[in-house]
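Take a look at these structures.
There are two complexes below, and they share chain A, which is joined by chain B in the first and by chain C in the second.
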Partner chain A sequence: MDTRLKLRTYISETFFADGYSDQASFLKTGIIDSTGMMELVAFLESEFGVKVEDHELVPANLDSIENLVAFLGRRSAARPAAAAG
Partner chain B sequence: MCGIAGFTLPPGSPPDERLARFGPRLRRMTASLHHRGPDEQRALLLDGAALGHTRLSILDLSGGSQPMRDPATGLTVVFNGEIFNHMELRERLAHRGYPFRTRSDTEVILASFLSRGIDCVEGFVGQFAFALFDPRDGSLWLARDRAGVRPLYYALTPEGLCFASEAKAIFAAGWLPPRLDPAGVKQTAHLWAPLAPRTSFEGVQQLPPAHVARFDGVRLDARRYWDVDLSAGNVDRDLDEQEAVDRLGAALGEAVRLRLRADVPVAAYLSGGLDSSLICSIAQEQLGGTLGTFSVSFAQARYDEGEYQHEVAAALRTAHRSVRIEDREIGELLPAVVRHAEQVLLRSAPAPFLRLSRLVRDSGIKVVLTGEGADEIFWGYDLYKETAIRQFWARRPGSPHRPRLFQRMYPYLQLSKQSPEMLRQFFGLGLEEPGAFDFSHRIRWTNSGRVSRFFSAEFTERTRDCDPAAAVLDALPPRVLSWRPLARAQYLEMQTLLSGYLLSAQGDRMLMGNSVEGRFPFLDHRVIELAARLPPSLKLRVLDEKRVLKRLAAARVPQRVIQRPKLPYRAPIAEALTGPGSPAWARELLSRAAVDAVGVFDGAKVERLAQKLAARRAEPSEADNMAVIAAATTQLLARELLGPPADPPRAQLEAVRLHAEAR
Partner chain C sequence: MLTRLRLWRCARVGAGTRVHGRVHIHGGGRVALGAGVLLDGRAAPIELHAARGAAIEIGDGVVIEGGTSIEAQFRVVVGAGARIGPYAKVMDNQFHPVRGDRHQRPASSEVRIGEDAFVGERAIILFGAHLERGARVLAGTVISRRVPAGVAVSGYPAKPVKSAAPRDAGVPSSPSGPALASAASPSPVASATPAAAPPARKGGGPWQALAHAVARTLAVVRARIYLRACHLGSGVGTTGPVEVAVDPRGRAEIGDRVTFIGGMLATRIAVAAGASLAVGGETLFNYGTVIDARARISIGQRCMFASFVRLQDSAGGKTAPIVVGDDVWVAHGAVIEPGVTIGDGAVVAAGSVVDKDVPAGSMAIGNPARQMSLSLSRG
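Up next, the complex of A and B:
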C-alpha cells in the first residue's frame, strides 16, 4: 500500500473522516483534534518507523495528507544519508 | 423541592365528569414525578384546569400542602422550588391585609400575585417554577426563575396546554407520543444542550429561564422579566478591590443565609475547588459548626480531587462524607442518568452526581448548597482565559509569542511541547473575526460538532438546515452584540451551558433523581448583578481568574486550595462504556443493528468507534469520547423514553390523592 493510501485508510478508520482533499488542514477542518494529533504521531512512529522530534510537531509536517506524505518522503530520503554519516 | 404537572381543560363540566374524563391523565402525570416529591402527592381538578403536585417537604412541613388555593378568589398554585425571601414578603403582604393561613412560601406566591399580578416574580429571590390558575379570567400562568435552576416544560394538547417539571410527565398524560426532535439533538451535539425553548423532544417546549407566560386558552404569550446587564456602561469603574471584596462578602453572606432557611437540616457539596469551599466556609460559620458536607471522589487518580476535599473538610471541621466512583459504576449509572436528564450527553460527569445525591439521601438529608455558578459569573472557566488570549493575539495575528500563552494556560493538554504554529492551528479558528458573536465559543462548538460526523446519512440530511450557532445568534438580544468579548462569552455561557446542561442534566435532575434539593448561592440574582458591575480586572487579570473571589476566600479557605491549578470536572467515558468491564446495555445498544434501528447515528461508524476504544491502543481523544457518549446516551434516550410510556408503578399511582372542586 502506498503512503498516501495508508494514511488515508488510517485517518478514515481512526478519525472517521472522509470526503476531504489532500490539502485540507486536519485541525482547521476538525478532522483531528489536539489530542488526536498525538494519536497520529504515535501511528507515524509505529507504522513508518520514524521518530518525530518535538521541533517537528508543526503543521507544515503533519497537518494534511500532502504535508504528511512530503514529511515522510523527506525522512526516508534522509535516513540513508544519516546512516552513511 | 417538588414536582409540578397539569393542563387546561374545557370549562363548564361538573366535577364527576371531569374526574372520569381527566382524572386518570392527571394521576399518571403526577405519579410520574414521584421521585421529585416522595413525601406527598396531591392533584386537583378545577373548572378549567388540572393541577398536580409531588412534594418534598422542606418548609412548613404540616401546612404547605399543594395545590394551594386562595379561598376568596379561587386562585390556585402548584410550585416547585423556593422563594427564599418569603418571610420579608409575607410581612409586607400581611401588613396590607392578606390573611395568611400557613407559614409556607407557596402562600406568599398567591398573596403576591393577588397584590401585583405576575410582576410579583420581580420581587422574588429564589429558584422556582410554578403554574397559577386564575379562575377569574381562566388564565394559566407559568413562571421560571432567573437562572433556570428549576425546570418547566409544556406542550399543546387538543384541550389546550399541558405543563410539567419533566418531559416524562407530559408523555404520561398520553396526548403526545414521545419522539426525538432532530434539531434539538443536533443542537445538543454542538452546544451541549437544546436551546430553550427547544428540547430533545418533538412538540415539547421549555419555558426559558427568567420568563413568565400566560395561556389564555388559545395562545401562550411568554416574555422575559429579568436579564443580566454586562454592558461596559453598567460597570462600576471606580470600585477598588477592597470595596469589591467587602460588597461580595456581604452579598454572598446574605445569599447563603437565605438558603439555609428550612425546617430540615441543610448540608453542602464540597468539590475541593475554590467556589464550594467558600460556600461551605460561610455556611459553617452561620450554622455555628454543624454543617455536613458531601463529596464524590474517583478511583482513577487523574479525575480525583479527594485530597483537596479532605483538606477543606478538616480545615472547616465539617461532618464530611464521600463516595468513591469506579469507572464501571459510571456505565452502570448511565441508564438512570439519561432517564432523569432527558437529553443526549457529551460528558459522563452527571453520573457521579446521581451517585452523590444518593449518598445525601441515604444520610437523611434533603437539601444541599452547591458552588455552581461562580465560574460563569466571575469568569473562572478556561473558556474566558482562552477568549482573552485569543483577543490579545487577534490584535497582532502574526505574533509568534502571543499564542505561547496557551501553553501556560493548558499545561495538562500536552501543549507545552507543541510549536506556536501548531497552537495557531488549534486556537486560531475564527481569529480573523474578533468581533463575531461566537468568537469565544467557536472552538468549543466546532470541537463538539465533530460528533455529527457519526450521524447517519439520513439524520444528517434531515437536519441539514439546522444550524445550531445561527439559532443561538437568532435568540440573542441585539444589545449583547455590542458588549465586550468576555461579557458576550458570559452571556452565551449562561444561555447555553448553564441552564441547559449544568443546572438541569448535571444539576436539578441528578439531585431530584434521589429526591434532594440543590440551592445555589452564587446564582442569587443580586450576586449575579453585583458580579456584572465589577470592573473586569477584578474577575480575570491576564491568566489569574476569579480574583475577587480568591481575595474573599483568602481568610477562610486553605491557601493550597486557592492557589491550586483549576481542574475541569470530568469523569471517565471510554473506559466506562467500552472494553472488558463495559455494561451489558452498552454492548447491546452500541451494536450496529441497535444504532441503525434508532437512526440518529450510523451503526457501522459507532461499532468501529466502540471497537477502537475497547482496544485501548491510545489515550482516547476528546472527539472520540464525546462521540461515544453522545451515541450511547442517544440510544438510552430512545430505550428509556421513546415508545409508548409505561404506566408509573401502581403504588405511586394510588398514592396520588385526587380531588375535584366544583369551581
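Up next, the complex of A and C:
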C-alpha cells in the first residue's frame, strides 16, 4: 500500500474522516486536534519506522496528507544517506 | 426521599438512583439523572457542573465513582449502563484557547459516552469525544475523538488494545502513581463563583459589581486564614479551602493577586524543611492542585493551573527543583516531575506527565510528554 493510501486508511479508521483533499489542514478542518496529532505521530513511528523528533512536530510536517507524504519522503531519502555517511 | 433532597439541583432523578458521600452539582445548567444511577462519592467527591444553558444527561444504571468530574458548557450525554471513574474527567470545552487571549472561551463540542461504555481511573474525555456503545477508555488515557463500539483504547497517545479482557481487567496502572493529568481549568469567573450562585455575567448592574466586590473581599480574608503559614502579597484570594503545611524551616511566598479557586477537592500545598515555594503574581490555581516542595518550586506570573495538577519536586527517588516560567497554562491533571523547567508561555496539555524541560512557547503533551509546536493545536 502506498504512503498516501496508508495514511488515508489510518485517518479514516481512527478519526473517521473521508472526502478531504490532500492539501486540507487537519487542524483547520477539525479532522485532528493536538491530542490526535500525538496519535498520528505514534502511527508514523510504528508504521513507517521513522523516529519523529520533537522539533519536527510542526504543521509543515504533519498538518495535511501532502505535508505528511513530503515529510516521510524526506525522511526515507535521508536514511540511506545517513547510513552511507 | 433523602436522595432526592440531596439531588435537588437535578432537573430529573429516576427511580432507584443512589448517592453516597459527597456530590457537588452546580452551575445553573440542567443535570438529569436516569433510574438506578449510582453516584459513589465516598472515597472522594463527585462533581457535575453544567453551566447556564448547558446540560448533563446521565442514563439509567450509570455508575460514577469518586473524584470524577463532569463539566458541560454545552452538552455531555452518558448512556445507560456506562461506568466512569474514579478520578475521571469529562469536559466538552477546553476553557482556554491554546493560542491568543487565554481568557476567551473557545467553542464547546458535545461529548457522548455511549451505553455500557467504560471510562477508567484518571482517564480524560475531552471535547468532541464520542465513545460508542461498549467502548472502553482505560486508566490514564486521554481521548478527544470517536472510539468505535466495543473498542478499548489505552495510553496517551491512545492506542487500541486488542484483548477482549473483562472490562476491569488489564487496566494499566498510572506510571506516575496517583496522578495522571490533563484537561482544562474551569474559567476563573465561573469557578470562582459559589456553587449556589449563577455565574457572574459581564456587564452586570451595580448589584453584581457589589456582589463581586464582597466575594473578592471574602476570598482575601479566607486566604489570610488558610495561607497564614505563607508570605502573602497583596490581594491573594482563595474561594475555597486550601490545605497548607509549611515547615518552619521552609519558605512559601505567594505573589500579589494569586487566586486559589475552591471546588470539589481542596488544593494542597506542602513545603518541607529547607525547601521553598515561590509563586508569581496573578497566577491562578484551580481546585485539587497538589504542590509538594521538598527542594524548590518556582512558578512565574500569570500562570494558570487547572484542577488536579500535581507539581512534586521529589518523586521516584529523584529530587530536583521545578521551575515554571511566566504565562504558562497547565491543564487538568497534568503532572510536573522533579527537575523540570517549563518556559514562558508554554502549555501542558491535560493529563500529560512532564519529565523533561518544555521550551518557551511550546506544548507538552502525552505520557511521557513530548514537545510539539503550539501551532499544532486548533487554537
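Please note the rule applied: the second predicted complex is superposed on the first by the 85 of 85 C-alpha atoms of A that agree within 3 Å, B and C clash if a C-alpha of one lies under 4 Å from a C-alpha of the other, contacts with A are read in each partner's own complex, and residues count from 1 in each chain.
Here is the rule we go by: a residue touches a chain if its C-beta (ideal position, glycine included) is under 8 Å from a C-beta of that chain, and two chains touch if they have at least 3 such contacts.
Since this is a predicted model, take the numbers as computed values, not measurements.
Asker: Between chain B (first) and chain C (second), which, if any, makes contact with A:Val58: first, second, both or neither?
Answerer: both
Asker: By the touch definition at the top of the document, which applies to A:Met37: first (chain B), second (chain C), both, or neither?
Answerer: In the superposed model, A:Met37 contacts both chain B and chain C.
Asker: Have a look at where A:Phe16 lands relative to chain B and chain C in the superposition and call it first, second, both or neither.
Answerer: In the superposition, A:Phe16 contacts both chain B and chain C.
Asker: Touching A:Val69 in the superposition: chain B (first), chain C (second), both, neither?
Answerer: neither
Asker: Tell me the contact category for A:Ala24 with respect to chain B and chain C: first, second, both or neither.
Answerer: Once the two structures are laid over each other on A, A:Ala24 reaches no partner at all.
Asker: Pick out the shared contact residues on chain A: the ones touching chain B in one complex and chain C in the other.
Answerer: In the superposed arrangement, which is not itself an observed complex, chain A uses residues 14-16, 27-28, 30, 33-39, 42, 54-55, 57-59, 63 for both chain B and chain C.
Asker: For a test of understanding, state which residues of chain A touch chain C in their complex under the given definition.
Answerer: 14-16, 27-28, 30, 33-39, 41-42, 54-55, 57-59, 62-63
Asker: State the interface residues of chain A toward chain B in the complex, per the touch definition above.
Answerer: Against chain B, chain A makes touches at 13-17, 25, 27-28, 30, 32-39, 42, 54-55, 57-60, 63.
Asker: Mind pulling up the chain B residues that touch chain A in the complex?
Answerer: It is residues 413-415, 417-419, 421-422, 424-426, 429, 446-447, 449-450, 453-454, 605, 608-609, 612, 618-624, 627 of chain B that touch chain A.
Asker: Show which residues of chain C lie in contact with chain A when the two form their complex.
Answerer: Touching chain A: residues 98, 126, 128, 142-146, 156-159, 349, 363, 365-366, 370-373, 375-378 of chain C.
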